[in-house]
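All remarks here apply to the structure that follows.
Chain nomenclature is as follows: A, B, C and D, assigned in order of appearance, with residue numbering initiated at 1 for each chain independently.
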Amino acid sequence: MDTGRLEQTALVLTNVRLSPVAVLLELRLPEMAAAARPGQFVMLANRRSYLRRPLAICGVNHDRRSLSVAMEAKGAGTRDLMELAHGDRITVLGPLGRGWRFSDFDAVIAVGGGTGVYALPTLLEAAQAARQNTICVLGFRERSRLVLEDRFRAAADTLLLVSELGGLDVTGNVLDGLRALDPRLLQRHAPERTLVACCGPAPMMRAVADWAAQQGFACQVSLEERMACGFGVCRTCACRVRTDDGWTYERVCHEGPVFDAADVIWEEDGDACEA
Amino acid sequence: MDTGRLEQTALVLTNVRLSPVAVLLELRLPEMAAAARPGQFVMLANRRSYLRRPLAICGVNHDRRSLSVAMEAKGAGTRDLMELAHGDRITVLGPLGRGWRFSDFDAVIAVGGGTGVYALPTLLEAAQAARQNTICVLGFRERSRLVLEDRFRAAADTLLLVSELGGLDVTGNVLDGLRALDPRLLQRHAPERTLVACCGPAPMMRAVADWAAQQGFACQVSLEERMACGFGVCRTCACRVRTDDGWTYERVCHEGPVFDAADVIWEEDGDACEA
Amino acid sequence: MLAKPDLTTAVAGLTLPNPIIPASGCAGYGREFARHFELRLLGGLAAKALSLEPRRGNPPPRVAEAASGMLNAVGLQNPGWDLWVRDELPWMLEQGVTLIQNIVGHQVDDYVELARRLDTTAVDVIEINLSCPNVADGMSFGAEPAGVETVTAAVRAVTSKPLWVKLTPQTASIAATAAAAARAGADAVSLINTIPAMVIDVESRRPVLRNNTGGLSGPAIRPVALRMVNEVYRSVAIPIVGIGGIETVEDVVAFLLAGASAVQIGTAALIHPTRPVDLVSDLADWCRDHGVARVSDLIGALELW
Amino acid sequence: MLAKPDLTTAVAGLTLPNPIIPASGCAGYGREFARHFELRLLGGLAAKALSLEPRRGNPPPRVAEAASGMLNAVGLQNPGWDLWVRDELPWMLEQGVTLIQNIVGHQVDDYVELARRLDTTAVDVIEINLSCPNVADGMSFGAEPAGVETVTAAVRAVTSKPLWVKLTPQTASIAATAAAAARAGADAVSLINTIPAMVIDVESRRPVLRNNTGGLSGPAIRPVALRMVNEVYRSVAIPIVGIGGIETVEDVVAFLLAGASAVQIGTAALIHPTRPVDLVSDLADWCRDHGVARVSDLIGALELW
């Protein structure tokens, strides 16, 4: 039996704007902060929606016994969460899911796009603390959307910022960014000792997984799917995963959100294998 | 066609505690404040309930273009309203219903109990402004529940405070209060030129109406009933009213909330006339 | 600047200026709304249920609060034919709004007699409310296809006016009851009526409503209504008037996409009195923003997976 | 200090330690809850639907947000009999909780075969889910009394275990389907299952759910469920397990008053994982505060007007 209760009441400590479209909420949650592992997520109640909203754990501060989540406005739920202010209280489920499996690697290449970048800082920080080589490639639509630059710069030995509209290190998509990395950087370790950890829109994750496969790197992706419970009971958060004899639906919230890219059957492939 | 829109957005100006169990909210509502008549009410949206909540207009401040409502916590709706603070905004329907018809009288005896007292200050103030003789008898459970004493004292030529548990002018119920009034006060005007205006729990209103009838006074009562719309379309707020050939259901929100007591068929009488 | 979108919609040959209609029982006979906006701006007005004899309705409380909705048990209070003809009809006809008169009865003959009389008036549409309990078996006329077919055919025989049959969701298959209405000659089906429900006050151990049960309406029932509209749209060739929990312009569009040719606004109009007329302009804006030239292009445009 | 209230309740001879049961599909096979509280504290556990063959379930999205509720279209994903017997049943039996196994089928024979096999296990109760579409006519087995009677009687013939029949609200008369279950030998009826519903994304013009439709659950359906429980309680002599939107102890009490002998907690447990076990202690407190010595005294104690 877990010691901590899955459902906790969080005090909102701060609400900081990260970009014109994103905010970071710091929540006092002592037990969850202590238990959280990189790549896990939380489910946040809000005042406008019936279901909770899943958000990656973007940071943990042990001194302040807090964890933080970052988000962009999508619909009513995120809009409401973004309005929370110091002193407000919300209930949270967490920490949830199975995060990044990074301990067996010498190098971690974290690749993120859009709101997917928020799943990466805790990974890079943990990998750095474990003396792994850390490389990070992040894609933003435009320069003004760049977030958490200081934290990424501190945690990544190499940080490459990519923007579709220009104004950052590389103009293009994250794949252009990966291709722009110094090849020597990528060859410092045996390919199977290098993990590509990717979170972002599905087409991006698929392309990055293909690139990783070409390089002989291991690759993990953090998937998103609509969730009712977030802790494994309802089976709504289905994603197709390869099995020995075909495929099955696994739970993004429970077996994931981080999956080995090789196991994932992407939507386009998936249509082919529908019953 | 009415000029003002029935639905307005109000800015909460103040939230003042009147007693350990009651608060007064002052709402900036220029058009409603200008249009409101004594005995009318408003319907207030809140964040916890689907339907609005009906509350008597307890005061109007033309300089501040505001009106005020006062309430006690009953369920989720009133509890939420009582938490509103300066700067909050809520939407309000009003002014609603047909209020007190007091202009044809020389004296007004306002009788209130419980939250019913909030329907009386605007009546007493208007009657006083019209140079009518104003008498007021208010019942509270205990001394600590006494509210708005200054306003009642200012607007009533005679104010008698009654408490069930003692500590005020008379110990007992409002009927004991009425009986304790100096008979000469009641006889200054022709009985048919005296209006008893009563708002409170139904049994109290019924008893007061009987007393008024004995004295030969006119009597009006302000009824409460569960309401969906408050402006007359849904027919949910039914109360039994005598007609020439029997009785009919009228709308508390539209034909009322103030009815001639003689027309009202009280619940106990009502059971007898059920179809 | 984009051209003004065409909001007109046709329901079985009857063209409405736009698809927004206050729902029966949530608009009275239009007088209260008319104090705040011109009724002719609406697609139509579904007037409160009318019965042959006056009905006092149920004793109060007649309303109970529910999660994202409410229960009502008004009991079809109405003045009855004679007073309606004298006091309400002339006024309604003056308003220049398409007039949809909802009717109720305890037995088939009640519906027939009302329809026969309405046929001689200038009312535009007869909407028959089949949620009423049938005196014969206590179940509503709308619960089974046979009941729907009987009442619809009987009414159809006495009127050439557009006939809308309003269905109850409390049935095994809304497609089957809608098909029954179509077979019997209905011009359209209005769906859905409220869902029978109960709220209990645990302190007094009594139902909140004096009538014990009442009809659930509001956003709580919206996904059920939307599914029923689409179910009927896909299986029965009859125009649909969509009803149930519609609050916003997105809700209106969702019902049109699902297959409704027009929609009715009930509970939302009780809470926001000008919502019906506001939705007319919201819909024009939505169409403009989305490059939709004709509202009718939205009808049934849902793409199923 | 008042005595500890007696929370036990009997459902057709089977005594449960208290009336609180996580609902089928909202508790998996109990493993996830068991990480946070002991299952034996519950009145029972209604395990996720089981079919003969494994079912992958529907493609995602499988959940959509609704006003005061949600839609799900999981598609009865489950490992099928063989893996269930091997991987889930032994673990569940170790938990010391009354085990209610929910079963589903595409045809009557599926239910019968499952019941026959379950009869040989130590499962405490068989709950048959009649909301599944019948391969023969596409309607759910539970939509009409005849379908309910056929499945129930066939299952009854092969098992002597307590048999609960879970009814769908999408029917003309829940009293009629409950009566059919009673006639065919059911020990209790569980009601209600979700209400078929649809949510549409107006931007993409598609249903949110990949399955197009899904079942509405949560507080939105609570007043409908409560009415159905009371309707059955008043007209059919069969114990009732009440389900639908139960969130708080007041909701639990309302269902008991309406006539339920026990209740199931579905959606609320998805949002508040310890809610089922919290409700057990809340119910003890409520009884103490209200001077109720035995929970069973509340059953059917509603006073109608």
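A few points about this structure:
What we mean here is this: contacts are C-beta pairs under 8 Å (C-beta built on N, C-alpha and C of every residue); 3 or more make two chains touch, one makes a residue touch a chain.
As the structure is a computational prediction, the values presented were derived from the model and not from experiment.
Common neighbours of subunit C and subunit D, by the contact definition above: there are none. Note on connectivity: the fewest steps through touching chains from subunit B to subunit D is 2.
If each chain is reduced to the centroid of its CA atoms, subunit A and subunit C end up 48 Å from each other.
Inter-chain spacing, taken between the CA centroids of subunit A and subunit D, is 36 Å. Averaged C-alpha coordinates put the centre of subunit A at 58 Å from the centre of subunit B.
Among all residues of subunit B, none touch two or more other chains. Residue positions of subunit D touching 2 or more other chains: 64, 66-69, 218-219.
If you sketch which chains touch which, the chains link end to end in a single open path, with no loop closing it. Checking each pair of chains for touch leaves A-D, B-C, C-D.
On the subunit D side of its complex with subunit C, the touching residues are 64, 66-69, 71, 139, 143-144, 170-173, 195-200, 202, 204-207, 209-213, 216, 218-224, 226-227, 230, 245, 250, 253-254, 257-258, 301-305.
Taken in their complex, subunit B has these residues touching subunit C: 1-2, 5-7, 45, 49-52, 91, 93, 225-229, 231-239, 248-249, 254, 270, 274-275. Subunit D contributes residues 25-28, 31-38, 48, 56-70, 72, 74, 77, 218-219, 267, 269-274 to its touches with subunit A in the complex.
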